[in-house]
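Below are two complexes that have subunit A in common, paired first with subunit B and then with subunit C.
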Partner chain A sequence: MKILTCPMNGPRNINEFQSFGPLKANPDPDATSDADWARHLFRADNSRGTIVEWWRHVPSNYFFLAERNATTNEVIRTFDPSELEQM
Partner chain B sequence: MSRLPAPWGNRINRDVPVTFSFEGRTNQGFAGDVIASALAAKGQWMLSRSFKYHRPRGLMSMAGAEADTLVQLPSDPNVQADRHPISQGLRVSAQNVNGSLARDRDAYMDKLGRFLPVGFYYRSFMGPTRNSWLKMWEPLIRKKAGLGVVDLKAPHADYEKANLFCDLLVVGGGLAGLTAAIEAAEAGADVILADMEPVLGGALTYGRDGVDRLDALLKQAAALPNLRVMTETVVNGWFEDNWLPLIRGNKLYKTRAREVLLATGSVEQPAVFRNNDLPGIMLGGAAQRLMRHYAVKPGHRTVVMAANIDGYRVALDLLEAGVELAALVDPRPGGSGGALASELAATGTKVIQGVVEEARGKTHVTAVKVGDDWLDCDLAVISVGYAPMWQLPCHAGAKLGYDEDSARFSLTLPDAALGIAGGLAGVFAADAVVADAQQAAQVALQRLNLSTREITPVADDEASLTNFEPVIASHPMGKDFVDRDEDIQVKDLQNAVKEGYRELELIKRFTTVGMGPSQGRHSALATARVVAKATDRSVDQIGVTTARPPFGPETLGVLSGHHHPAERRTALHREHIRLGADMRPVGAWRRPYFYGPKVDAKRLIEEEVHAVRNGVGILDVSTLGGLEVRGPDAGEFLNRIYTLAYKKQPVGRCRYCLMTNEMGTVIDDGVAYRLAEDLYYVTATTGAVARVYADMLFWNAQWRLDVDVLNVTSAFSGFNITGPKARDVVTALDGDIDFSREGFAYLDGHSGTVAGVPVRAMRIGFTGELSYELHCPSTYAKTLWDAVIKVGEPVGMRPYGLEASRILRLEKGHILIGQDTDALTSPDELGFEWAISKTKPFFVGKRSIEMRRNKGLSRKLVGLSFDAPQGDPNVPGESCLVLKDDVPVGHITSVLWSPTLSAHIALAYVHGDDADEGSVVTVKCRNGVRLNVPVRGHTFFDAENKRQEL
Partner chain C sequence: MRIYPLDPQGAAEGTPLVTGDVTLRDFSHTSRFGLKGRGSVAFLQSQGISVPGVNETATGVLRLGSEEVVVLDGPTELRASWEAAQAPKGYYAWREETWAMMHLSGERLFDLMAKICPVDLSVSAFAVGRIAQTRVGYVEAITWRNDRDGIGFDLLFDIAATAFFADAVATASAEFNREVTP
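Moving on, here comes the complex of A and B:
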């Protein structure tokens, strides 16, 4: 069983976590065409290589982000969402 | 046949005879015997009939890998006879036999073999009709070719799970594993050593010259308190970050190891020649196990085929056990057993350079053919090479390569906290194994920062001598088995190649080679060689099929563990029981379904409904989700989460909450009670609160609003007092909350103290009647409940259960999320346009709701009623279809008998064009009857909603 390091709770078994999918840009709903909005809702890139994903530590209901290599399943780093503001 | 004298038989206790039966006949063995050894000691070599051809089969490896030794116990199918101990009174029978093992009526299948090539089933049993395979052929073939029988009445067993942690897990307790475990434990590491066998030692326990070395190692191991030894333990897979399931009996140890060292050794490989599957033909290790473990003499006169030094060791063992050695056959040109060869020559043994090409015999080998000569024997021992136990390393991502020169597989490890040692790493000579294991342990210790010393490597003078390639003597008449489990012969693989299958994974699927219980342990090497030859490629290019967990079979009980599902109870659980409630599961919760004896359910539920409509009732709503949303941005946060507006909601007022997801689908509803400028108490539905709580924080992880959300579902309990006489009850309570009509308006929220208990009171309800919902910290719930029950008594207040609650809400047309909604339901489909704020710039789902509105509604939820008497079959049930022009356009989501209205009432999705009141829709009942019924509004009772505002 994989170990994921939660920025708040430290290394924990992966079954304590829930994946919330890749980090996506939230488009301005009012400035987005129907087709683009549908794409935003239903299409995912499913790309190889390093992706950034939302994860939830279920018992603490804490959300954070993980950089993970989707090909090798290697987790490169995890970080608190406040870092997004600096990105 | 009598047993060999001691010290042969180091696992049996000759003082303890054990009686068991096989195929109905009584047998006697000794404590410590396995089924196969006890039977072999009595001359019973045949254990089963083969999967497809019903050929007689017996033990080959004594290591518990092949299907041939699977037997049936009364409530346990597919038990390995070469690993399962006998016990007093054990009843064992053979599997896949029609009649008896000795006179199998399906033995003719062997003669039909040439008419049953691989792929035959796929082509021949498809007709004559579409269902013939399932209805006729499959059951027929299943009977002819199968394994054990599941006992559906098998007694329940207890299963357990536990967690284990260690610095180093060593898998395999042979010379390499034991040495490494000792090396690491002496350096101070916390070590677990796991082995499948009942005693440690691996090949040391049955090999020549092993025993002395083993005793010293076992003494060393026993003196180390930080070395935990787990025998009879199967390490059944490797999972990410060194997580390994260890299975011992009925217990699963979920083990996390900082370092893993695999010392699982290697598997002796059979040779391929005609009739190589006859009982009496076995691997060198099997002959040695029979003698050293169980004191069973494997035969009287033997031919040994030895392509490595171990074969010479076996030959000497057999001679010492009094077995006549007809000849030792060595296929290697100029090959020899070194010093052992001269030892053997001194005994006068004939050494022939050649290959065993064929065997003969009816149910046991009687002779083998070498060159042009048939050599009489009742035992043929094969010792021609090994394959590493590559399964666990491959689970961990190791790559298997093949070296043509040494004819051996080798492993390349991934970059992980994982090592291999000993036979698995291709090291064979004892002294070299010891140095290799110590070195592997030090490598692990180094990563643990516990490394203690440098190990001097020792050259392995046996490694290159272990395997010899060309021992595939395919025969034009076939029966040269590559995979005994699946009855796969050389020509089956060659035919698969001819059919166009070149890749091993495809050949496996076409022929089923390697799919049996041994999972390619004995067949993968030979298969790769046959396929390589047939496709003009190298064995390295062919490789083996992907190894995945589990390594061996595991019972479902081990996976499920002890079955104690978690049950959630409200703080009032015991009060409900005391009042005679029928408690039913609602998700993980238990809730009162109704109060009173089961036989009167129907009457009692109706009485509960009438009590609420005409008097007053009380319902435990503690399971409802409770969330506290706190912070300067709390109003803004709710504005974004829910569809209505909350920023201007006055303190002390309650407001309906409807939650949609980004797709505009309704996912939850509840009520928000504003306790303070920066604090809302929000309810969520019982089933959805966990998800709502997660979604709220997920959104805010992105929005970064200054707000926090706390799930107080269990911290708070609540009950709803509802009915025309509800005010009589609450005003009779002691406290500082003014429950009067003037002081407590509909949708008001007041906090205060009631009966000495801190209470959040809300004038909200689900029944459409005058309702007060009292919430309090769960520790106070019983105190408050008792006080309410006491003041309710004079007005005849009655507790009611979930079923009455469902009826009451349906009479009012209130929807239940998840029952009346599905994964696509939009607020517009529910007629909830009133619940969508038109002024807010944003809320989750807004964009999609508008987009869907522009596309037009395909369906809408409406009310329907049916006048038929209660129980009439001409009333649709839940999920019954609503048709338009004979095409399904919707379905009934809720239907119940309303005692208040004496009619069946329902909510249903109908086509968007038929949603107006008075339109007639067609509903198909379960019995096929179609009814045309007029559409009604949602609200069946008190359509003007006057009663709740009394």
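Moving on, here comes the complex of A and C:
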């Protein structure tokens, strides 16, 4: 079983986690067309290289972020969302 | 009056709980006061309740997240004090209704836990006072050492899984609890 390290709970089996897709900036509600909203909500770039994704540790209902290489599937690091405010 | 799953007329009435070298007991009827969300910790501290670090438990208080806490067998007036308090004070999490609470103990306790829980809960790896939020017996569960009368683990999990969990423990412990015939 793959292991993912939760920032709050430590290393856990991957089947304790749920992926919520890549981190994306929220569009400006006043300046975004319906088509762009739809794209924001329902489509994700299938990019190679390092991406940042939302994950949830299901038993503790804890949401966090993971930096992952989408080509090699290597998880570079996981971190608490509060770090976003410092980025 | 509240009816818990294993009570007469409860949804899991008649489900056997294993006893022997692994023993499962039900404590779902005990008091659980749960808060979640901004202000939860500050409210409890304002009531003179000491809140431990995340994933730690002390004096009947479980800290399950930065702003998620459960108080076990707390003061009876806690709910009324919370209702009367000014927000932000977290929101009420209904842990006494949504979660079952059970206790595992017995001679083969650690053999069982190694089989049904992916986290290493052995004495050397998992200290008293720590909380594991993980899976136990195929159910998402919260567990911690609580030595009621001998070494044991308390568990909280979705109350709708009461019968499923009891069956899972019975199945997993069969090899430890089996009757030996000459």
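Going forward, the second predicted complex is superposed on the first by the 87 of 87 C-alpha atoms of A that agree within 3 Å, B and C clash if a C-alpha of one lies under 4 Å from a C-alpha of the other, contacts with A are read in each partner's own complex, and residues count from 1 in each chain.
What we mean here is this: a residue touches a chain if its C-beta (ideal position, glycine included) is under 8 Å from a C-beta of that chain, and two chains touch if they have at least 3 such contacts.
Note that the structure is predicted; figures quoted are calculated from it, not measured.
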item: Partner chain(s) touched by A:E85 [first = subunit B, second = subunit C, both, neither]; value: first
item: First, second, both or neither for A:W54, with subunit B first and subunit C second; value: first
item: First (subunit B), second (subunit C), both or neither touched by A:R12; value: second
item: Partner chain in contact with A:A35 - subunit B first, subunit C second, else both or neither; value: neither
item: Partner chain in contact with A:N26 - subunit B first, subunit C second, else both or neither; value: first
item: Contacts of A:K2 with subunit B and subunit C, given as first, second, both or neither; value: first
item: Subunit B and subunit C footprints on subunit A, overlapping residues; value: 13, 58, 61-62
item: Touching residues on subunit A, where the partner in the complex is subunit C; value: 8-9, 12-13, 16, 57-62
item: Residue ranges of subunit C in contact with subunit A within the complex; value: 54-55, 64-65, 118-119, 132-135, 140-142
item: Subunit A contact footprint on subunit B (complex, rising order); value: 239-241, 243, 254, 256, 662-663, 693-694, 697-698, 701-702, 704, 711, 841-842, 846-848, 851
item: Complex interface listing, subunit A residues touching subunit B; value: 1-3, 13-14, 18, 20, 26, 29-30, 32, 34, 37-38, 41, 54, 56, 58, 61-64, 73, 81-82, 84-85
